[in-house]
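Take a look at the structures below.
Next come two complexes, and both contain chain A; in the first it sits with chain B, in the second with chain C.
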Partner chain A sequence: MEVRRKERIDRGIKVRSEGIYVVSSLKEMLYVAGPRLFLIVGLLLLPLVLEMAPYWKRVVNIMCVYGLLAISFDFLANIVGLVCLGGAMFIGVGGYMTAIFNVYLHCPVYLAIPLAGLSGAFICTILLLPCLSLRGVYFAIVTLMYPLLFTRIIEALNILGGTNGITGLDSFPNPYLENYVIIILLLVFMFGLRRLVDEDIGLVLRGIKDNDQSVRASGINVTHLKALAVFIASFIGCLGGAYLAHLYMWAGLSLFALDFSIIPIAAVTIGGGGSMMGAVLGTFILVPLSEFLRFFGTFRIVIYCLILTGFIVFKSEGLLTYFARKYDQFERWAKI
Partner chain B sequence: MDILVYGIINSVSLSLLSLGFTLVYSISRLPNFAHGALYITTGYFIWQFLNGLGLSYPLAIMLGIALTSLIGAMMYRLILIRIRGMEISEIIATYAIGLAIIEGLRWGGLRGTTFTLPSFASGSRDILGVSVDDQRLLVVVVGFAVFALLHLFVHLTRNGLALRGIAQDERAAMMLGIDSDRMAIVSFAIGSSLAGLSAALILPLGNIVVEAGYTVLLFSIAVCVIGGLGSWTGAIIASFLIGFAQILTEKFLSAHFQMVIALLAIIITLLIKPSGILGRQKELEERV
Partner chain C sequence: MSILSVENISKTFGGLKALMSVSFSVKQGEIYGIIGPNGSGKTTLINCITGFIKPESGKVYFQGSNIQGWPAHKIARAGIARTFQVMRPYYSLPAYKNLIIPLWSPRARAIGGWRGGGKHGDRDTVAVDILEEIGFERDSRVPYKLASTLPTGYLKRLELARCIALRPEIIFCDEVFSGLSASEVAGMLPLIEKLKMEGITLIMVEHRLKELFKVADRVMALQFGEKIAEGHYKEVIADPRVKEAYLGSEEV
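Take a look at the complex of A and B:
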């Protein structure tokens, strides 16, 4: 019997465009920039394309909020090695902080959202600090508990509007601003995080995931860096939450809902972890899907979980890695 | 006096709830985030067997527990075995399975107050001047019986010793010919049936509600972290701590704060002694 194996070889254009020589031809520059440009231009044009469908414009906004959460989950899980099971915590804290700034302290929108991001990130980091000096499942356990805990405390003490939530947040002055604020936030943070991960600090953060003892042996304070990473991730999440609160003009207990925890995880698993772009790809598949499945109610969560488990078990590399391979390499069967 | 009596009852039921989680973690090092889901599933199965198929109550309970333990074993055999060792995937996969079960049951109509199980023992008696109903006494009796049986099982039988071997040192145990995957399946089966048993005992005290899946998971995690992940005696001691703390908060504050107490306890434990009351893990393995 003839024995064959699959051989993968880089495409010529990929090899040619790897170094500085990429600037020598327009075709190779397009090859490198193509996918990125497609994402940027596509996202920027999306609100204009959907001009006739205001409902779907809103879906795009929510999709971008989930995208922010997904890149923050991806950054924490696949770069630093901390699995955050409670993305809803970031959304909720950000949403409530912006409500406090906007409704109680009368800050305008453009001031309230960044302030909420910063203060929310600060609160989240302080709250998560006890489990950062440990490795293992502790971070997952504590982040799992916090969203439920916040809900209980707000219900029990009847603070911050209790079960009714805080109403009367300012909305955005016009619908275009509403769209583009979140789209630009998403693009900036996605490419920013990709750049950050390639810097020196990114290398150290990856080192923490792979072998924290050796990082510590190099005289680097691991807890400090983990806290920094959590601050960055929760800042991104809290900005998303603050935006969402202004979009709904309301901050309530549903900001701590389970969807905000599970969709980003599912998105990162489907899209492929570690590249941030995969996380965004995953949300762009899942969130519109969840709009079509609106009829099913809570059964949607079951569907996400099943897709998620399927991807983890059978296709753990994710879609983006798969597509990137097809883009960069060709495959052929070779005789052994 | 009623604080003492109800505290003991509450503590025993807590340790019953968390024993399954601890057992699975100590043997296979997998945090089973689907523990609460298995608990609530058993309740649903028993209710279905009782009211849907019209089986007798003991038969329904036995079938329900057996089915849950089968689900637990299958969960490991079909899914977790493929991602063993990848920490992030393990956590995400068990969490996703648990969520799928809980939300699936919610969608399947498990809500409201229509789902109740009859208690096996009606009537009540006075203990130390406090009237306690028989069902709660039964929880305590069965709880202690389970502790004793489990202790005998892991100290006297071949399989039990193999389980302890894997829990203490996986590589050494594998060198002695103990199949680590088979033992992990056994641990999942036992852990899930413990979740099922506690469901069969505790659920007749109230309604079967889906949210219990989350609370059970959180409290069993809290108990395990405080007792030291993987330590059985530690888990039992910790469940007495939390059990009494819960009763005290319920009496002097309000029932809403029970979860706050659990999380506070976790955080204090992590700050002071991360390996828990009786954690056997070395400092170096846990602290960075």
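Take a look at the complex of A and C:
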């Protein structure tokens, strides 16, 4: 019997467009820049396309917040090797910080959000500092516990508005700003993180995931770098939280909801980890999907779970990895 | 002039006395061998000196200052590099990218990479230079292959390359010859000599005694965590306690 096997070969255009010579041909430049341009232009046009559907514009905003959480999870888990279930913590801390700055200290929105991002990231990093030297599952457990801790503290001590939350946050001056603030934040951080990962410091971070003992033997303080990575990731998450608080004009206990921890992980699983773009692709599928499924009432969770399981079983490598392979390589049957 | 002197290092794991008051000192530019049967505490000694585990007592003087109790990264930054017995390359990175991490470290950035290069953007070139120096064929694809696809011989060299990239004063080699064929070891000996010429002090833990004795200036023998002999290798292997440790005593 004839034995055959599938082999994958790089497309000619992929090989030609590697390295600096790509600039010699428009077609090859388009090949390289195409997917990125598609994402950037598509995302920037989205609010204009959805002009007639304000509800869906809102969904896009929330989708981008989840996108920020997903890239922050992807960066920590698949680059640095810290599995962080703290999406809810970042959102909650960011949301409450911006409420404090905006309502109590009367900072305008454009000042309150960055301040909340920085101070929130600072708080999250300090809180996570003690468990950075731990390896394995401990970090994940602690990050999962903090949101619960915060809700109980706020409830029990009746501080920061107690169960009612802090109301009366400023909204964005106009709906376009509301859309574009978060879209641009997402694009900047996605490409920014990809750039960071390709730099030498990104290699060191990947080294920590691979083998932290060797990094230590190279005279590099692993805990410092992990703290830096947590700061970057929580800064991104806290900005998302601050934005969300201004979108709702309210900061309350539901900002610490478990959804903010779980959906980003599901999104990275669907989209494929390690590339940041996969995380964004995952959220762009999951969040609108859960909106469509509202039609089914409470039954939507069942369908949602089935779709998620299907993705994990049949495309566990992640959609972006799959698409990237189809884009760069072709397959053929070869005799052996 | 001793560059490193270790005084009365002791370490116990539960009830097991892994190291009992071990002392030795190493001169600048020397190749110092540490031998001993399995479980005699050789790797534990390296771990204690390089800060990966904390000894119960004892002092380690490096260039005059006591480094015992420093965290591992600080000791490495001071100039003490080490290889791992169980190789620890960055498997998900190409071989030459493995060296970017030590080249990026504060020490290598401060004093410049291999032969002064690599201070700024050209770390990739310096990395390939080091790999070539250590026996990776420059024009082949080997330096660019993923570390997870390399055979043991190359991985052992990569461990050493990672140490060299740090521009160390001392390299602790934890069994760099083990798992290699005789011809591969023969290929590595000139490299060891070359590092000595560069002025680097090497402390080699080794089971391959024949090859070790070709390069080592002095040798220390350990058994059950105790130093039983030290000196030129001929004196050490002539010592009755060393013979007993390796071959067993006559009365059982």
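Here, the second predicted complex is superposed on the first by the 316 of 336 C-alpha atoms of A that agree within 3 Å, B and C clash if a C-alpha of one lies under 4 Å from a C-alpha of the other, contacts with A are read in each partner's own complex, and residues count from 1 in each chain.
Just so we're on the same page, a contact is a pair of C-beta atoms (placed from the backbone, for glycine too) under 8 Å apart; a residue touches a chain by one contact, two chains touch by 3 or more.
All values derive from a computational prediction rather than experimental measurement.
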{"item": "Which superposed partner A:L289 touches (first chain B, second chain C, both, neither)", "value": "neither"}
{"item": "Which of chain B and chain C A:L105 touches, first, second, both or neither", "value": "neither"}
{"item": "Per-residue touch tally on chain A - higher for chain B or for chain C", "value": "B"}
{"item": "First (chain B), second (chain C), both or neither touched by A:D200", "value": "second"}
{"item": "Which superposed partner A:A53 touches (first chain B, second chain C, both, neither)", "value": "neither"}
{"item": "Contacts of A:G136 with chain B and chain C, given as first, second, both or neither", "value": "first"}
{"item": "Partner chain(s) touched by A:I184 [first = chain B, second = chain C, both, neither]", "value": "neither"}
{"item": "Chain B versus chain C as contact partner of A:V222, first or second or both or neither", "value": "both"}
{"item": "Common interface residues of chain A - those touching chain B in one complex and chain C in the other", "value": "213, 216, 222"}
{"item": "Complex contact set, residues of chain C against chain A", "value": "50, 52, 71-74, 76-77, 81-82, 84, 88-93, 97, 100-108, 123, 162, 165-166"}
{"item": "Of chain A, residues touching chain B in the complex", "value": "77-78, 81, 83, 85, 130-131, 133-138, 140-142, 144-146, 148-149, 152-153, 155-156, 208, 212-213, 216, 222-223, 226, 258, 262, 265-266, 269, 296-299, 301-302, 304-306, 308-309, 312-313, 316"}
{"item": "Complex contacts: residues of chain B adjacent to chain A", "value": "31, 33, 79, 82-83, 86-89, 91-93, 95-97, 99-100, 103-104, 106-107, 214, 218, 221, 225, 229, 254, 256-257, 259-260, 262-263, 266-267, 270-271, 274, 284-288"}
{"item": "Touching residues (chain side chain A, partner chain C) in the complex", "value": "200-201, 203-204, 206-207, 209-211, 213-222"}
